[in-house]
Amino acid sequence: MAEMWISMGPQHPMTHGLWTLKVKVDGETIVDADPELGYLHRSVEKMGERRKYFMNTTLTDRLCYASSTTWTHCYALSVEELMEVEVPQRAQYIRTIMLELQRLASHLMWAGAYMPDLGHITGALYFWRDRELFLNLLEAPSGSRLLYNYIRIGGVKRDLPDGFEQKTERILKLFEQRLDEYADLFENSKIFRMRTEDVGKFTAAQAQNLGITGPNLRGCGTKFDLREHDTYEIYDEIDWDIQTREAGPGYSDCFSRYMVRIDEMRESIKIIRECFKKMPAGPTMASKIPVRATGEAFRRTEDSRGEALMYVVGDGSDRPYRWKIKSPMFTTISACPHYLKGYKVADIPAIMGSIDICIGETDK
Amino acid sequence: MEIKAFMKEVSSVKGVTKVGLVRNNVVKCNLDKEGSKDFFVKLKDDFGFEHCSLITAIDNQPQFELVYHFSAINGSVFVKDSSAAVMAEIHIFLDRDTPTVESISDLWFGANWHEREAFDLMGIYFIGHPDLRRVLLPEGFAGHPLRKDYVYEIHEEEW
Amino acid sequence: MSSDREIGIMDIIVNPMKVTLKQFFKSTFGKPTTVMYPLERRDPPPTYRGMNAVIWDLCIGCGICGEVCPNKCLKMKPTELSDEEQDRAWYGSHLAKRKNKAERPAINFGHCMFCGFCEDYCPTGAMTMTDFYELADTNREGLIYPARSMKVELEDLPQLPLTNYMMESPVLDVDPCIGCSKCVDNCPTNCIIMDEGPQNKTLKSGKTRNVENPYFDYTICIGCSTCVKVCPADCLHMEPISNSSSSGLSEEGATTEA
Amino acid sequence: MSLFSFCKAMAEWTADYMLIPVFNFQAGLFPPFSNPAGDIADWLETDGGLNTLAWLFAVNIAFAIGMTNLIIVIHLERKIAARIQDRRGPMLSLRSFRELGEDLAGNSPSWRFKQNYAGIGILQNMADGIKAITKELIIPAKADKFLFTMGPIIFISSSVFLLVLFPLSDRFAASSAPAGLMVIMAAFSIAPIGVLTSGWASNNKYSMIGGMRSAAQLMSYEIPLLLSMAGVFLLAGSFDPVTIVEQQQQSTWFFGLPMWNFIPQFIGFIVFMICILAEVERVPFDLPEAEAELVEGWTTEYSGIRYMLFLAAEYIRGFAGAAVCTILFLGGWAGPWPVPPEVWFLLKVYLILIFWIFIRWTVPRIRTDQILELGWKKLLPLSLINILIVIFMVEIYPYLSDTLTLLPEVF
């Protein structure tokens, strides 16, 4: 068969209406790829310039529906840096708990979305069933299941409800059991390994230059996690490890990226438990929060998908003058011709699924 | 290289002004538009900033400002007694009439789409970019919407 | 780590099938996770953000809810209050003089995203969010809820203190003030009074006359910026003020100390 | 009484009391002219006419049984998949309506196991059928219209043909060809033509790749499939299903249990199971219609009843594959007395189908190159080894004993 371009998306089960991947194939082998974005562009940055600082947390919630708290937190952190607001200690602990719960939910969402890409519908339902547990947890203090609007500039919206710790502990225990149970169904399954091992490889040096961060970079064995390397909230006071995994000599494949995320979920459970143990009493909101700000500030946080960075410029009014969002997936998708070349058509969902694409944050 | 030594070395480079610390691990400096590429080559090869985090374009009215964020992932530049990864924040100011700057996407591939986005939304032209097309907006879109002088209609539904 | 064991021939079908078989028996003889929605419902937590409801007895018509709404889905609509409603209203004494001009929020749920800002920033706690979430309708017009349909009545009203969640209060620029007292008429909390100002103005006729200036009680100011909007001379602006003694003119006007 | 003699009796009765009088009456209406109705009436009195009529009855019965099985298999798949996935599956049945009506009327529940209007969901099948039939049949503008319509016809007709070919028992068979299993395999291998035709005629790149994949897969798995069947044929010395099942009954092992073919030919059984899974395109070998990468492959452009025919044909092929497996390796319709042999046969078939359903919802899909590698490098040598074992067995058999009782000790 001669070389031909196949347009995967926007109406394709892998891209489900959000983006297009044009693939040049020779028979079943990929020769070239060209990703296209813009189907979900909402001009969030421009909209943010018209809204007051505190209103923008609703926009950041909607950057990624799978991981909305981490994005709102990144925004709140940068605006607090800009306004020089001191967040109370208890609010920082609550934020950390919410971030890790959100990371668990986000990774579960990813794992559930990854399984149908490999042709494993049951996996999707198993992981999404567990995600519901964490959505229930996130719903209890914030009052919403998907778009929480819980982390605000200067703290969190309200204190944790009564019995939240016991409820969390119960769910974490259940989830740990299930994670062990799933090992036989997924990572120890021979066919799952046949599909994911030695597929979608890139080395650590390549990944850094391509702008790939987060679990995808840690899948190459690079110990880089912004919770540790640009620490925020109370991650420096808590004992936890960066989860890395290496498939071969310095490269990552789909399986190592899968395993990094599974290990990270276990690590998140550890962090949440320790946070509950150390949590002090006190207020959950800073006493005085300015409305207007001047200057520029940025903070970067470890989003569920990689490095999230928000750069906020204020001109003295109550609205941001310029607000820039760095999405980790934006660069990772742009690099996809590099790690798709040479694999089969059947590998495209396996590879693109394994890097955990979220188009909401990418298209902004 | 310790961050203080890094700051000293950076300030000795031609075209770099106002070197300062934003936080304990973030170095900020201004850079002249001419010869910026030489500095970026030095930043990548000599100082080991492997990762281009972000390129932001700001419309400061009248001039444009480009803000580059680079990150040293492998710890070639470090802060003493801290695990913090060092970032470099570099500001380049451009005239409104000639919003052009040399592309760095051949040094960092990760900068490729950031430059495309800056071109798309702010109208900055990157010389030497391999594929300077719009990335978020459709082809044939008129204007660059993040510029402050971009005229747009606010549609508010009456009810 | 459990995944580091050797993968053998049993891991092709047999071991994975153990997991699914176990689940099969569990959900056949137990209860599946599915919530059969219209027949059985899960209880939303008390914090749940559902459809809005306005406690009219507490509402003072300040319009902050419309101001903080990111989607502008909430508008203040002029509403005529009945005598009974007028009597029950918390700030009824003040509103009595503008009974026919009272404003109450109406919501277009087609635009609402249930962020909860209106509830959080309401200075009297009149705006609440219920746990009712079945708002679907067959047409767009059905999603527009007029002001009266948002009304709820409570048996015992929570008498909350007025709180300035906006973190800002109006400050007077004395020179352009013409003493029209429009701000006083429109202030929803009655926190402004007109009093003798520090400044005399020369009229066209040559006479000098003392101009009355507004004085603000920042302890009950809610930062709604209604006065700024109605001011014909642009002499008011909002400033972040945390206590009563932070701006030029206002400290004398404060009737009670914070 | 066998199915055919039953049908023959039915045909005689119908001919005598319904058809011949009617045709004769018609012929009597216009006596001056030569009327075909009279000829038909004459023909129905001959042996050939009666046999034809009986055969028509038999085929219809087999078809009805096959289609009923199809609905049951689809429903079974849904319910089992739902249980595996911690769901409830389709639930709307007449019982739910009755419960709902009772609740609305305020009566106390009359049903013993009342659980939230949850029936077994048999109405879902009707809903699916009605939906598929009432949907628009879309033919893409640039498709080859003739081949596009021919594709489903080839696929479904070759699949339905399978239904009449295998017997449910030695007495319940629509056709009894001596080369029965060979005909079944021949019917099985017509399907790639339909798949390739519809994949090509859709004028869609995904369909094209799906069709090519399907053709490559089906053709490469035909060889190990037939080779693994060859062992059974050698042992039985016949292609006839009845003979094969009887042969499996003759040999016994411990406790006098019949030694069905899957014990001596375990390798062949495994190879056959994998190959027939690939042949009927079920997970993990369903890559021609992998929805994540190829958007349902060669069925992308089909809609309405055509798409449903594809789906139905796949389930019929699955049912037929399980039936062949039962005949060859699991002793066919043999079983203890009180249960009739037809029920035994169906029970075994459903056991295999449930096993396949479990596989489908347990493992991911494998890749094209991996499936071909598995077929050519692993299954082909294994099936050859199986044939060698069987030849060894058949050759040394006369020297050992009159029965096969000693065989387990030999191996």
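A, B, C and D label the chains in the order they appear, each numbered from 1.
Everything that follows uses one rule, which is that a contact is a pair of C-beta atoms (placed from the backbone, for glycine too) under 8 Å apart; a residue touches a chain by one contact, two chains touch by 3 or more.
In this text, all values refer to a predicted model and were calculated from it rather than measured experimentally.
**Student:** Of all chains present, which has the mean Cα position farthest from that of subunit C?
**Tutor:** So the chain farthest away from subunit C turns out to be D.
**Student:** How far is the middle of subunit A from the middle of subunit D, if each middle is the mean of its Cα atoms, in Å?
**Tutor:** Comparing mean C-alpha positions, subunit D is 47 Å from subunit A.
**Student:** Could you give the separation in Å between the centres of subunit A and subunit B, each centre being the mean of its C-alpha atoms?
**Tutor:** So the centroids are 24 Å from each other.
**Student:** Express in whole angstrom the distance between the two chain centres, defined as the mean CA positions of subunit B and subunit D.
**Tutor:** 65
**Student:** Counting only residues that touch at least two other chains, what does the list for subunit D look like?
**Tutor:** 84-87, 361-363
**Student:** For subunit A, give me the residues that contact two or more of the other chains.
**Tutor:** 122, 126, 129, 185, 189, 191, in rising order.
**Student:** Quick one: do these chains touch in a line, a ring, a star, all-to-all (complete), or other?
**Tutor:** The chain contacts form none of line, ring, star or complete graph.
**Student:** What pairs of chains are touching here?
**Tutor:** Going through each pair of chains, those in contact are A-B, A-C, A-D, B-C, C-D.
**Student:** Would you pull the subunit A residues touching subunit D in the complex into a rising list?
**Tutor:** 1, 4, 6, 12-14, 28, 115-123, 125-126, 129, 185, 189, 191-192, 194-195, 344-349
**Student:** Once bound in the complex, which stretches of subunit D touch subunit C?
**Tutor:** For subunit D paired with subunit C, touching residues are 80, 82-88, 116-118, 358-359, 361-363.
**Student:** Can you tell me which positions in subunit C touch subunit D when the two form their complex?
**Tutor:** For subunit C paired with subunit D, touching residues are 12-13, 16-17, 19-21, 23-24, 26-28, 32-34, 36, 39-40.
**Student:** Under the definition above, what is the set of subunit B residues touching subunit A in their complex?
**Tutor:** That would be residues 25, 50-54, 56, 58-59, 67, 69, 71, 73-74, 83-85, 87, 89, 108-114, 117, 121, 134-138, 145-146 of subunit B.
**Student:** Which residues of subunit B touch subunit C in the complex?
**Tutor:** My answer: residues 156-157, 159.
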